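Input: structures, listed below.
First subunit A sits with subunit B, and in the next complex the same chain sits with subunit C.
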Partner chain A sequence: MKLLNKANLAPFLERLRPEFEVVAPLYEGQDILFGDLDSSQLATDFIGKPRLSPKEYLFPQRERLFTFNVCPESIEIEAHFNETKRVIWGVRPCDLYGLKFLDLVYLKDYIDPYYQARRANTLLLGLNCNEAEESCFCSSLRTGPFAKEAFDLLFTDLGDVFLVEIGSRAGEKLIEKGANLFNLATSKEREKAKLLEEKSKKTFKTSIDLGKIKAKIAAASDNPVWAEEAVKCILCGGCNWVCPTCQCFNVEDIKAGHKTQRIRYWDSCQLGGFTQMAAYNSRAAQAERLRQRIYHKFSYNPDKYGGEIGCTGCGRCTDVCPAGINIAYILRRVANE
Partner chain B sequence: MNKNIYTPDLAIITKVCDEAAGIKTFTLEFQEPEIQKSFDYRPGQFVELTILGVGEAPISITSSPVNKGYLELSVAAVGKVTQALHLKKEGEVVGLRGPYGNGFPLNEVKGKNTLFVGGGIGLAPLRSLINQIFAQRGDFAKISILYGARNPALLCFMNDLERWTKIENSEVLLTVDVPDAKWKDNVGVVGSLLPKIDIDIENTVAFVCGPPIMIHFVILDLLRMGFGENKIITTMERRMECGLGKCGHCNIGKSYVCLDGPVFSFQQLRELGES
Partner chain C sequence: MKKVLTTCEFCGCGCNFYLGVEGGEIVAVYPSFSHPISQGRLCIKGWQGHEYIHSPERLIAPLIRKGNRFREASWNEAYQLIVDKFNQTRTRYGNDSVAVLSSAKCTNEENYLIQKFARACLGTNNVDHCARLCHASTVIGLATTFGSGAMTNSINEIEGADVILIIGSNTTEQHPLIGDRVLRAITKGAKVIVADPRQTQVAKLSSLYLMHKPGSDVALLNGMMNVIIAEGLEDKEFIAERTEGFEELKKTVASYTPERSAEITGVPEESIIEAARIYAGSKKSIIVYSMGITQHTTGVDNVMSCANLAMLTGNVGGEFNGVDPLRGQNNVQGACDMGALPNVFPGYQAVTDEKMRNKFEKAWGVRGLGVNLPSQSGLTVVEMLDSALEGKVKAMYIMGENPMVSDPDLNHVEEALKTLDFLVVQDIFLTETAFLADVVLPGVSFAEKDGTFTSTERRIQRIRKAINPLGDSKPDWKIVSELSSRLGYPMDYKSPREIMDEIARLTPIYGGISYQRLENFGLQWPCPTPAHPGTPFLHKGSFSRGLGKFSPASYKTPAELPDVDYPFILTTGRISFHFHTGTMTRKDWALDREYPKGYAEVNSEDAKELGLRNGQTAKVISRRGEISLPIRSTEAIRKGVVFIPFHFAEAAANKLTAANLDPVAKIPEYKVCAVRLELAL
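So, the complex of A and B:
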């Protein structure tokens, strides 16, 4: 393990350019959002998570898949892969888990070559959480507040310095680029990080009982909570848009002259159009759609992906919902009724 | 890099045939002979059909694997892609990806009676299986085909239906909801044909395909007749974008209809918890 003075973080990240595009949490007005590194706006001491996860960098909101070039004699298909080499710093443990989950979706069975190209060129530099926000419940899902896997480097804020854990050979190579900025950590710093982890776990204001939910969810399909909460929904799709694990997308053709671009963009299972076919809608009621969102994450996904839950416990869906639909409240109802 | 899972292969429309009112059957051949040769499928599987500039839609294959060298898709013009397909003529090019899905059980029903209950365009995937079974006639016992549509103009595959009636140890019964002046057969929903057949239910597997409301009532009829839940096989229609278990639209329970379906037994559907 290494130590990096906080003051040396920005110089270290700057040094990774131009080989890498460097992405980090930045102050933007009232918010903290991931963006292209601007050292003057770099957020290092924030509590909780950036408003949005870094999912966009691996699975963009809108992405061009390929172009059909229609020539007089033939039709050519030209695929577009993004192979930008990118380092993302400040990825919270919940978001590391979110990407680990998307790896299962997009890199298992049939490999999605667009996600694969981005993933293979992205290094994840995690940042442990010393304090939870109101909506955070990662400690209940064991996806945080300190990460155990799925990072290339992992930073822990010890006050004036970061303790830096190496998670991969690619991460180690980054440290070599900034070698003179790093010092060797001692057992004293490692002990301090352990204490911070225990302290952090005590800051959670939201918790759920995952074992109870897993045991109950199979039978809870007719729980009145679906109808009670669904009636509040204003169909904005926000819960899906901010979710680090939501995978669903639409595909559309955009025609311009002799070229047709096939694009994909995020879709939301909370919107009525999600299951709309030419002749009918297979999930017409909002209560069924709310139930689908929770079941997909806590029942169907674990069944399909060896127990892995499709929820990181970040609480962003609760934060963003203008109607006050709270995922932890729904999960507690599922567990207790 | 491996082949891009989202990229279609180009195929030429070699024949367009008016099947019924608002329904056409398209015969397609892949442009690359090698792709055509290696394109192998099972009855009940589907392809993702691209109309360039319009989009993609999942369409079940109605030809049979015994028909070498081409594919047939029978399509009702009901949505954006299918309406655009209906404007296509012989010699024009479309895109195809697939085949996707699990397909019907075939070896599992060898030696048994098979009962097919189809409604409207729902006969299209069943036709693929029926022709496959007739190609291996000796492997199967009695074959009963019950087929209905809203009116006579909407009945598909009349040539096949006529041919199937002439095959030994098989029967074809037709019905329409609303007859015209020339109609001489049964009038009523397709389930009203079930009492007219004489089969040993214990040794029969039923295949049901059609609009959701028809499937619902036919399954209730079959259960009342004594069919076991795992002896009733049906297909699910769901919105799909990818066909590969990624886009999320067709998720029901732990299954993706595109990967684990579209063919399910009634027992499986009940376990999935949404039908």
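So, the complex of A and C:
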């Protein structure tokens, strides 16, 4: 393990720049969002998570997949793989889990070449959470507040210095690029990090019982909570747009002259038009769609992916819901009724 | 990726988000989490409604009509043709033979310029915009009773109310982030009363729902006031100290006993009594209303009755009480503030007031050109079209409006526009209206220009340029300035910021506004001086007009009632996935996928009696036209009422509606006309 003075974080990230596009949490006014590194706006001491997860660097909101040109004789196709070498710093443990989960979806049985191209060129530099926000419940899912896997480097904020754990050879190579900025950590700092982890776990205001949820969810399809909460839904799709694991998309062809672009967009299972390409959305009632969102994450995903759930515990879906629909509340109802 | 903070281009909530820009294209949206209204939340239009910006259908060059087609032209040629035609028309028929429609989608700066263009350059007060079709009755009704025609509260104050009376507003669908505040208030224990002929989402979440007959609002509100006075629940101190005209109100509402009110409205007596008691039972009662109140021949009466009810119980002038008309368009409040209305200069300063004319003549330097500003109020939207048919209006300039879908009685609109000698349309798409034009000028979307929008809570906020104008298109303020200059009235603005500085100098309620001061999520007017912090709620201590004026109204029936031939009431409105005439939202895959076409909502019992099954195509016929569209049968609409959203040009609800106007506000009665339904074969 290494130590990096906080003051040396920006210089370290800057040093990676010639080779990598560096992405980090930045202050945009009073909001914290991931963006291309601007050292003057770099956010290091924030509580909770950047407002959107870094998912979009691997699976963008809007991505041009390929362009095609239908000529009388032939069809020309040009694929647009994004192979930018990228380092993302400040990835919270919930978001590391989110990307680990997307790897299961997009790189295991079915391989998505666009995701694959981006993923192969991306290094993840995690940042443990010393304090939870109101909506966070990763400690209940054991996806945080300190990460155990799925990072290339992992940073823990010890006050004036970061403790830096190496998670891969690629991560180690990054440290080599800034070797003179790092010191060797001692057992004292490792102990301090352990204490911080215990302390952080006590800051959670939201908790759920995952064991109970897994045991009860199959029998919860008639729980009144679906209808009670769904009646408030205004169909904004926000819960899907901000989810670090939601992976559904739609494609559209945009034709201008002879040239057609195929564009992929994030899609939302909460909308009536979802899966319309298969004639119609088989879940006609909003309550069924809300139930599907939760079942997908807590029942179907674990069945398919060896027990891994499709929720990171980040609580972003709750944060952005204009109807006040709270995922932790729903999960508690599932567990307790 | 560059992130540009800006204000949403759809409804009047005024949410802020960042547009993510890559390679000159909008590729992402991020809600602003620190913005007072958005707070990290958006509706689907905010998240996913901006694809139209890059639509291949965008206009990217001026077009000139050539027979039944258009050809691309240079700006120079297009401008010259407009200059020649406008000059000929004005010389031959006078200045008032030209009429201008402004746009609630455009910025304050653009609205300011186009009314200045109409008045100072063309010499006519014939300038109006779609506020005429949505809140003209509010502007007049609240100005009469309170002295100011705007939402009295801030959006966030709704969350702190104990009682929210929602009448004629489909809040969660049409103003989603205001709906968010209503839902939060419910969570905190507020009682919500909803009066609407349709059982909307917010009605389903309410504690008391009144399914009243379309057009019976005055009778319902008078009934509530009757109960309040009969039970001694009125605020005597407030009435004595802050209002006038109470005795007349008392006299008028005396005859609206719960029994009579129930008979007119179709709402049970006990519900009217309960609503009155709940509303009068708190000093934190807010009335929220929208088109269900305003779009009637009795629109002004409806608005004044809401104001009467608030004053009767002392529920106005406070932080958590008031009367809140929800403005529909992103900048319809601003377009009114800027004087894109036929009777007022910016800041509601009357054109008939000589002092005001002097002020603007001096400021606009028209005297040097030997011209006086016109002293008579000009024509309103519907009157312009009527005058075109009468041959009095010969040429029109329409910026960012689509009357061929949005105005009542479309066959009449089409006839009127075709009668014109010359029509110019400035828009981002070849809309149904642009299709009839002689010259089409390509403006830009909100993402391609700087400026300000004023939201429904009077919050003046920045929009910021994220990408360059597409093709040869130009920011709308630039088009108006260039055209004005060529017509002999020079407008030489370097930027919208400079225009705002001029607005602030001439508009007392915007006196303290500057771009610099708007950086932190804007300011709420009135903001008269550079040191003024803005005004979150109106009428504190005293009303804008001094004493609040009770303005009693008697119930009048809608202009066109159902009869044997046309037995149903048609009411029109919007759905959450589309906006107005759909020129933007129907080009967005996600929004279009939800509702690719129109429909008619029919009560399930009515459907059964007519032998119509859910999804079957019906013909809906009025005295003015007919359309065919699938029906959706539902219990969530009053028996005898049919609802059709007006977004869909190919099944345009406005082919059916009538141009019956409120006598004062001249707003058409979109919410009531008579139709019949038949199975389409």
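By our rule, the second predicted complex is superposed on the first by the 329 of 337 C-alpha atoms of A that agree within 3 Å, B and C clash if a C-alpha of one lies under 4 Å from a C-alpha of the other, contacts with A are read in each partner's own complex, and residues count from 1 in each chain.
As a convention for this text, a contact is a pair of C-beta atoms (placed from the backbone, for glycine too) under 8 Å apart; a residue touches a chain by one contact, two chains touch by 3 or more.
Quick caveat, the model's predicted, so the values are computed rather than measured.
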item	value
Fit or clash - subunit C, subunit B, common subunit A	fit
Touched partner set for A:28, first subunit B, second subunit C, both or neither	second
Touching partner for A:255 - first (subunit B), second (subunit C), both, neither	both
Partner chain(s) touched by A:224 [first = subunit B, second = subunit C, both, neither]	neither
First, second, both or neither for A:211, with subunit B first and subunit C second	neither
Inter-chain angle, subunit B to subunit C through the CA centre of subunit A, in degrees rounded to a multiple of 10	80
Touching partner for A:11 - first (subunit B), second (subunit C), both, neither	neither
Which superposed partner A:276 touches (first subunit B, second subunit C, both, neither)	both
Where subunit B and subunit C come nearest after superposition, their Cα distance in Å	11
Contact residues of subunit A, present in both the subunit B and the subunit C interface	250, 252, 255, 267, 276
Touching residues (chain side subunit A, partner subunit C) in the complex	28-31, 33, 35-36, 51-52, 56, 60-62, 231-232, 234-238, 241, 250, 252, 254-256, 265, 267-268, 271-273, 276, 319-324
Complex interface listing, subunit C residues touching subunit A	1, 3, 5, 18, 20, 27-34, 40-44, 46-48, 54, 56, 172-173, 176-177, 179-180, 183-184, 187, 201, 204-205, 576-577, 589-590, 593-594
Residue numbers on subunit A that touch subunit B, as the complex places them	65-66, 68, 70, 75, 77, 79, 105-106, 109-113, 221, 247-253, 255, 260, 262, 264, 267, 269, 274-280, 282-283, 288, 292, 295-296, 299-300, 303-304
Touching residues on subunit B, where the partner in the complex is subunit A	1-2, 4-8, 10, 50, 52-56, 78-80, 82, 93, 95, 211-212, 237-239, 241-242, 244-249, 251, 253-254, 259, 273-274
